[in-house]
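Please see the structure below; I have some questions.
Just so it is clear, A, B, C and D label the chains in written order, and each chain counts residues from 1 on its own.
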Amino acid sequence: MNFCSDNVTGAAPAILEHLAAVNAEPAMPYGADPVTKRLESALAATFERAEEQIASFPVATGTAANALILSSLVPPYGAALCHRDAHINVDECGAPELFTSGAKLIPLDGPAAKLTPAAVEQALAGDWRGVVHHAQPACLSITNVTEAGAVYTPDEVAALAEVAHAHGLALHMDGARFANAIAAVGCTAAEMTWKAGVDALSFGATKNGAMAAEAAIFFDPAHARDFAFRRKRGGHLFSKMRFLSAQLEAYLADGLWLDNARHANAMAKRLADGVRAAADARLAEEPAANEVFIHLGAETAAMLRDAGFQFYPWPALGADCHRFVTAWSTDPADVDRLTAAARGQAAA
Amino acid sequence: MNFCSDNVTGAAPAILEHLAAVNAEPAMPYGADPVTKRLESALAATFERAEEQIASFPVATGTAANALILSSLVPPYGAALCHRDAHINVDECGAPELFTSGAKLIPLDGPAAKLTPAAVEQALAGDWRGVVHHAQPACLSITNVTEAGAVYTPDEVAALAEVAHAHGLALHMDGARFANAIAAVGCTAAEMTWKAGVDALSFGATKNGAMAAEAAIFFDPAHARDFAFRRKRGGHLFSKMRFLSAQLEAYLADGLWLDNARHANAMAKRLADGVRAAADARLAEEPAANEVFIHLGAETAAMLRDAGFQFYPWPALGADCHRFVTAWSTDPADVDRLTAAARGQAAA
Amino acid sequence: MNFCSDNVTGAAPAILEHLAAVNAEPAMPYGADPVTKRLESALAATFERAEEQIASFPVATGTAANALILSSLVPPYGAALCHRDAHINVDECGAPELFTSGAKLIPLDGPAAKLTPAAVEQALAGDWRGVVHHAQPACLSITNVTEAGAVYTPDEVAALAEVAHAHGLALHMDGARFANAIAAVGCTAAEMTWKAGVDALSFGATKNGAMAAEAAIFFDPAHARDFAFRRKRGGHLFSKMRFLSAQLEAYLADGLWLDNARHANAMAKRLADGVRAAADARLAEEPAANEVFIHLGAETAAMLRDAGFQFYPWPALGADCHRFVTAWSTDPADVDRLTAAARGQAAA
Amino acid sequence: MNFCSDNVTGAAPAILEHLAAVNAEPAMPYGADPVTKRLESALAATFERAEEQIASFPVATGTAANALILSSLVPPYGAALCHRDAHINVDECGAPELFTSGAKLIPLDGPAAKLTPAAVEQALAGDWRGVVHHAQPACLSITNVTEAGAVYTPDEVAALAEVAHAHGLALHMDGARFANAIAAVGCTAAEMTWKAGVDALSFGATKNGAMAAEAAIFFDPAHARDFAFRRKRGGHLFSKMRFLSAQLEAYLADGLWLDNARHANAMAKRLADGVRAAADARLAEEPAANEVFIHLGAETAAMLRDAGFQFYPWPALGADCHRFVTAWSTDPADVDRLTAAARGQAAA
């Protein structure tokens, strides 16, 4: 009963089946295959965008999607603004710096790993533009769902986009848990992205039911002019591309991506609700999507571990705080076992 | 009937089945899973090496394996020697330069994309060592099977290793078609690599039956000291690593990798034999592994294309030369159809 | 009467004369000249170090010295900790990122652009070491004199070195105004550097009387093993090296470097003392070296500018704060004119 | 009597004097000084170009000029074509690769280190354009005077420019000895550069009388849009910029640059003529500019060395070949002593 992360899960059955289906026929390599062509159409439809108004590129990891997108938006002498706790800043071992050829990430503060327009405005104040001594800010990157489990609404995104664009910065969204954010807000993919001013999206699928598949998506193809070269040069162009594309095709088909995300989010709510009655467990806050942060007494934490539950301590939110992540595959019975155990401990 | 490349093939059934099998259970991410642990043992066994004498890292593409290995062996102010036609030099859009932070590739000549000890010796002659004006050669990289379909024997590899090591260079082998080379020579994996002086190997599986899986292998773990950081930083560390590892595990199990390669090589020989009788087709040379280069008259080439056969022109070997690649999945009947058509054309 | 920076000054007469002197004879290029050899000895003597215990490399700019040193101490997947306002972080347009091949700078806070052991300790807490997701901190970089005009004492440096070394980080000192720091503290160059645990120093001379000359100095030559390659590759190896070396030779000869710095510091004190009596001018703090930060009323600031005094606003210390930098060449009479004008305005 | 290279010379008296002259006054840093402004006008005039049609940037080394220009013309996934013996390819320790973030240099062959349109045309043949597997050629770089002492005429340059531009490549000229080339041909600077299709020039002065000063010159300012950031980020922006600019200003004033080059070239001719009569010395070819390649018997070479003459062996042109470089400061009497000694040896 592993609540460590949504990346401990396997692949959704429909995705595995589709892999087997596209395996039947040989196909030209490097994306010149019919699955990839169909995927491009499916992504355009999902984002309500004409095909010539969107450019999409499957890759296998979220780090690749993020870093390659940044390399298209930020010159080597440039900078990207992001939250101090952003995945690109602390969890990618310098991938953005590698792919941008050494651009800087400028870390900003904000509650729940969210940025505010005011914080961005303040960071961009002053006479940096065109001054050769300073790396030139070229991109604002936000994560939705954030690294602390919070969700930006389309309005919040739009407010950040307004500041970014006013200063000539592009807006990137790291959507490793994009489906969970959409499911949490109840808006469309378009409303959360280009309609709110997002220029490029790392569209995550791995955590939500794929094996290893994400898409780098640009809502202005001009931004993507050299992306294909950068992807190849990064070793991220698959020869048997159809196996990446097929994962994403099945992910989008029949609403699987949203069904999976809704289930994961519902499991988080179920977990939060169930733990609420436990005397020795306290929610750090109501879960916005599929991550639940809980303050646990040391004995309770130990007891849960002994009982076979896996989860990470989350000291950023307090010495006794722990993170529980639910997923597309989380069994409600496991959630109930967990909350029952927590309540039992409290009772004991 | 696609003979363009072995990367037009799908995945071997045993590999797809194993993916489904490891999908059943959740697993800790980033390689902390039992499949990856087992794979490390399987690779050590395959290469007849104690586990502490080998370091292996699954990645998804050959370009990633090559470029990341080179980045571990060559400093930014260094150089790698390779054949002018080497995949790393002409087909990776500068990936080695990206991952090494700008080291140089020094292209050398040699027949059939093979290097000779004399050519390497000559390139290393002179007073370059320690002279700050010159990028410092740090690695010799060879490809086996070569880009022109030829195969290095262990003795030939050993002769190159001797020159490389005498000058302080490590020896890297790009083994995108390593299994085909082993099957062609009939030696062991150990004999072709560390016993002959190879320091690092890009162990390919994608072309020979995997979906997207290769392993970067070091025969001296000291060379791999920072590889894990470089892999992560390159966006090449999979969260659901077990799906990479499982492909390689199934690939090695029960000799699948060699069976597949033997079949591919046999199909190349069948194709060569079958085409020999065609008046308007001439073998450029006997196939060493699974690539057949054939001079075709323009009418014959057009007729074959009209009949549904796909293959690439190969102008490097002459204006009328074409490349036919056979694979683990090549149907002998398709080969026979191809050669019958070629002979028929000749007869017509 | 230009108080904008100490880089508005020219070259000290003794330095210009020495350039003319070494010009008389031809010399072998790239540092194989007698002036460079003598300089190495002079630097070893200045730092009380056996010649085999120190490695020094003249370069023309402070940015080059800083970035090249960092590239020797920090791997591409590494990080350097520094103050948020550090020159390397905000005033070098990403040079450290370029030369380190994309390592990260991690900005920390602290008063007067100084770091405290506690701040460094806190930044290094947690389980980052050896964890592939996180850039690996490899260096702590401090600036002395700091970007806010403050000075670290050898004891303060030693306390930071202790924390850095305990975590496996090297300690770099950006000494763009190193002479001013030494003059302010009254210690030796050795006491401020290797005796306090500094591993590498950017030894500045340009601001204090050279035309364009700095030295990258390593107190453990093992750290400098590949520096010469990195310098050449950065375009920072001068063919007519003796003209760089001669500037530094004259700078060290007869205590010129310290005399110049003492004069600059004395002029700062004279300026501070003189301005103290002005009603509409308030020292932000007592000057530690050769920078004076003064809160000025808007009318006073305008009047001074009209009277021909040049200086920069310094909003980091308050909307009405301005920076006045004195230098080796500052004329006491100009300082007196400035303070008289400030007092006069106050009186008016 | 040092004939090793023109970089063993000192600085011309007029340049040293001008440094002293501009030293008299303080000046705003980083190029915001009147000397730099005047230099821009002087360069525009020298190249017969309106000021808005030329962008020029002083730097201290030829490697910096070359590598920074290339970084403005070639994307990270791009390539520059050059001669195999080009300074950028073999003598800059990978500086172009560093500054371009890993672009490739593609080495071509040609006699006397000169490229022919046919060789360039052949290298650019094939289907590389827009194909993601291949680094995209973006620049052709030639050196004038070449590394083997030969000179391109404006017509030859124009023929190369035509090929380059037809394929969408910019044309860069490494003019480390540009003045010697101009003096040899007798054309104008404009005729040798933009009138012949050169897009960017590394305008060398160091070898021909400066201390350390070159200019990166773009004949289309659009190519230079981000050069200032790249120069700063490379550590090549001097704070006391006027000392770089002053060297170049004096270099251009009163035709000093051409007078110096004419003298150097004349000394090469004198040397060639004088050595012609020596039985044991044979000119490899008539000197085109200021480099003389001479086949010398081993005894003659040893005798000359014993007599105090310094010069390099040049094995690229034969085991017994040596290079003698004359310069702006070469004393005709030294040339006569050298040739007399060579003739004497022959006589002996």
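Methods note: contacts are C-beta pairs under 8 Å (C-beta built on N, C-alpha and C of every residue); 3 or more make two chains touch, one makes a residue touch a chain.
Values in this document were obtained by computation on a predicted structure and should not be read as measured data.
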item	value
Centroid-based (C-alpha) most distant chain relative to chain C	B
Result of counting contacting C-beta pairs for B-C and A-C, higher pair	A-C
Whole-Å gap between the CA centroids of chain A and chain B	34
Chain B and chain C: spacing of chain centres that average the CA atoms, whole Å	51
Distance between chain centroids, defined by C-alpha means - chain A, chain C (Å)	42
Per-residue multi-chain contacts in chain C, two or more chains	76-77, 92-94, 98, 101-102, 132-133, 229, 232-233, 237
Residues of chain A touching chain B in the complex	2, 4-5, 7-11, 16, 19-20, 22-29, 59-65, 67-68, 92-95, 98-99, 206-207, 211-212, 229, 232-240, 243-244, 329
Touching residues (chain side chain A, partner chain D) in the complex	30, 75-77, 101-102, 132-133, 136, 226, 228-233, 237
Chain C residues within the chain A interface of the complex	76-79, 90-94, 97-98, 100-105, 107, 126, 132-135, 315
